[in-house]
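Once you scroll down, you'll see the structures, which are given as structure tokens.
Heads up, the next two complexes both have chain A, just with different partners, chain B and then chain C.
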Partner chain A sequence: MYVILVYDCGEKRVNKMRKLCRRYLHWIQNSVFEGEISEVKLKELLLEADQFIDKAYDSIIVFKSREQKWLDKQIVGQEKNDLDNFI
Partner chain B sequence: MYVILVYDCGEKRVNKMRKLCRRYLHWIQNSVFEGEISEVKLKELLLEADQFIDKAYDSIIVFKSREQKWLDKQIVGQEKNDLDNFI
Partner chain C sequence: MPKTYYLFNPGRLSKNNRSLKFTPVDAEGNAKKPTYLPINDINELCVLGSLDANSALYNFLGQQKIPVHFFDYYEHYTGSFMPKDYLLAGKVHIAQTQAYTQPAQRLVIARKLLEGGIYNMLKNLGYYQNRGKEVTVYGSKIKQYYETIRQAQEMPIAELMGLEGNVRQVYYQAFDTIINDFAMQGRSRQPPLNEVNALISFGNSFCYNLCVGQIYHTQLDPTISFLHEPGARRYSLALDIAEVFKPVLVDRLIFALLNKKQIQAKHFDKKLNACYLNESGGKIYLKAWDERLKETIKHRAMNKNVSYRRLVRMECYKLVKHVLGIDEYSPFKMRW
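Moving on to the complex of A and B:
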């Protein structure tokens, strides 16, 4: 399936979260990732996040679509994922 | 149609962008909005944003789905949109 994952974490956990998401998905903006992922791998990602996020404060939202073609993507301004490899 | 809009704007433009998005969509996290919107209204929103964003720096990504039911939403941690009315 295709997912869009957005997170909002406290500053101390942001780097860990970003690194974790990068192992499974593609960074597209700020705290937004997207990509093809299996249900099992997504569970793995969320379980791992569960070990360090502060659930009273942090938030992860995952939008899941069975197929990417059901989601159109429109970009205005900078397409930042080109920087992915440099950060 | 149903959209998820994520933006990454320079600090000076963030408030303006947030206020603009709020007129059309529901805030769900950080710089993430969602909601039902017509193609015309979305164009209106993006045209308005176009007038103040810095396209060399800022970025707006809109994911569009014909129907909300094609997108599953999973939330881990805080569901922050409850605060919408207070900020």
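Moving on to the complex of A and C:
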């Protein structure tokens, strides 16, 4: 499964959220991550996020796509990070 | 599916917030903008540039069961960092050892492995025969050897390996017909003398390390092999399994890359009496290799799509079943 995850958290929790997401997905720009992830790993991620987010204030949105090739990605301006496994 | 990451740039890899951070370094030694690698998306790491790391990182990679494979300046495989074995199974270990120590049993497996390899080579030749390359002469020669091997009930392993050598010699002769612009002129290694040989050496070492990585995820002991003599200082079982997959994965890829002119003369460095892929060549090859391993085929018995990488793992499972006497081993045979 290929996902795009965006979050909007209170200032105190933003760093925590970023660090958590970095363990599973690729950072593409501020509070946006994308990458290949399995159902279970995504559940794991959300469960961990559940521990510290404030549901009354914060939000996490996950866009799911069956595969990367079904996702048409257009970049205008700067690409902040390319997600290559050749580094 | 977690991916293999290839590190070409020199730099420092470190543990950072329970994930990985890679800081590339330029020629002057200045750190550039770091990239973060999601730890949960990593299957293994292949290091081709020079890498700085500390034991905290290796402890962490060990915990996460991520092997790291190292390649030297000439892109030869030099070794791996392997996390502690996690699938220990005494029963399998004993069965595997027994299968090795009893010559009759060992021969059965060795013959099957070789049979698989040769069958796949023949498929390669057949494929190019259909595309108008005149390789029947080599094909029929190999078929003779193939039959001898199939029928050999009692044959010392050394003799079997001898036959394998003969087959390879004929097979490599066919390369000159299949490949358009480059000449191979026989196999040469340590060092490879021309472009085709450089590609074969490069490809084979990645095939070997693919097998090492996959065997690690099974209960098999990588040092006890059947076709190759279990030697010291190498995972000879990986050589056995690579035998089956080299024609499928490496050779096909080389033919395609050269004939489609994706890899050209400018992608090689010729120094003294040696020929090696240069960095851009290596990158092109590895990109294609990575794509190839992700490709899936329909597995008939399972009625499921299986990637080539997974196929190698399944080959190991078949061996486990064979030594435990659950199911007889039959090597992977390409159907196309």
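Quick note on the criterion: the second predicted complex is superposed on the first by the 81 of 87 C-alpha atoms of A that agree within 3 Å, B and C clash if a C-alpha of one lies under 4 Å from a C-alpha of the other, contacts with A are read in each partner's own complex, and residues count from 1 in each chain.
What we mean here is this: contacts are C-beta pairs under 8 Å (C-beta built on N, C-alpha and C of every residue); 3 or more make two chains touch, one makes a residue touch a chain.
Because the structure is a prediction, the values reported are computed rather than measured.
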Review point. Which one hits more chain A residues, chain B or chain C?
Key: B
Practice item. For A:I53, select first, second, both or neither according to whether it touches chain B, chain C, the two together, or no partner. Key: first
Check your understanding: Of the two partner chains, chain B (first) and chain C (second), which one does A:H26 touch, if any: first, second, both, or neither?
Key -> second
**Study point:** Contact residues of chain A, present in both the chain B and the chain C interface
**Key:** none
Practice item. Please name which positions on chain B make contact with chain A in the complex. Key: 4, 6-8, 28-32, 46, 49-50, 53-66, 70-80
**Study point:** Residue numbers on chain C that touch chain A, as the complex places them
**Key:** 1, 3-9, 17-19, 22, 24, 35-41, 283, 286-287, 290
Point to revise | Complex contacts: residues of chain A adjacent to chain C | key: 19, 22-27, 35-37, 41, 81, 85-87
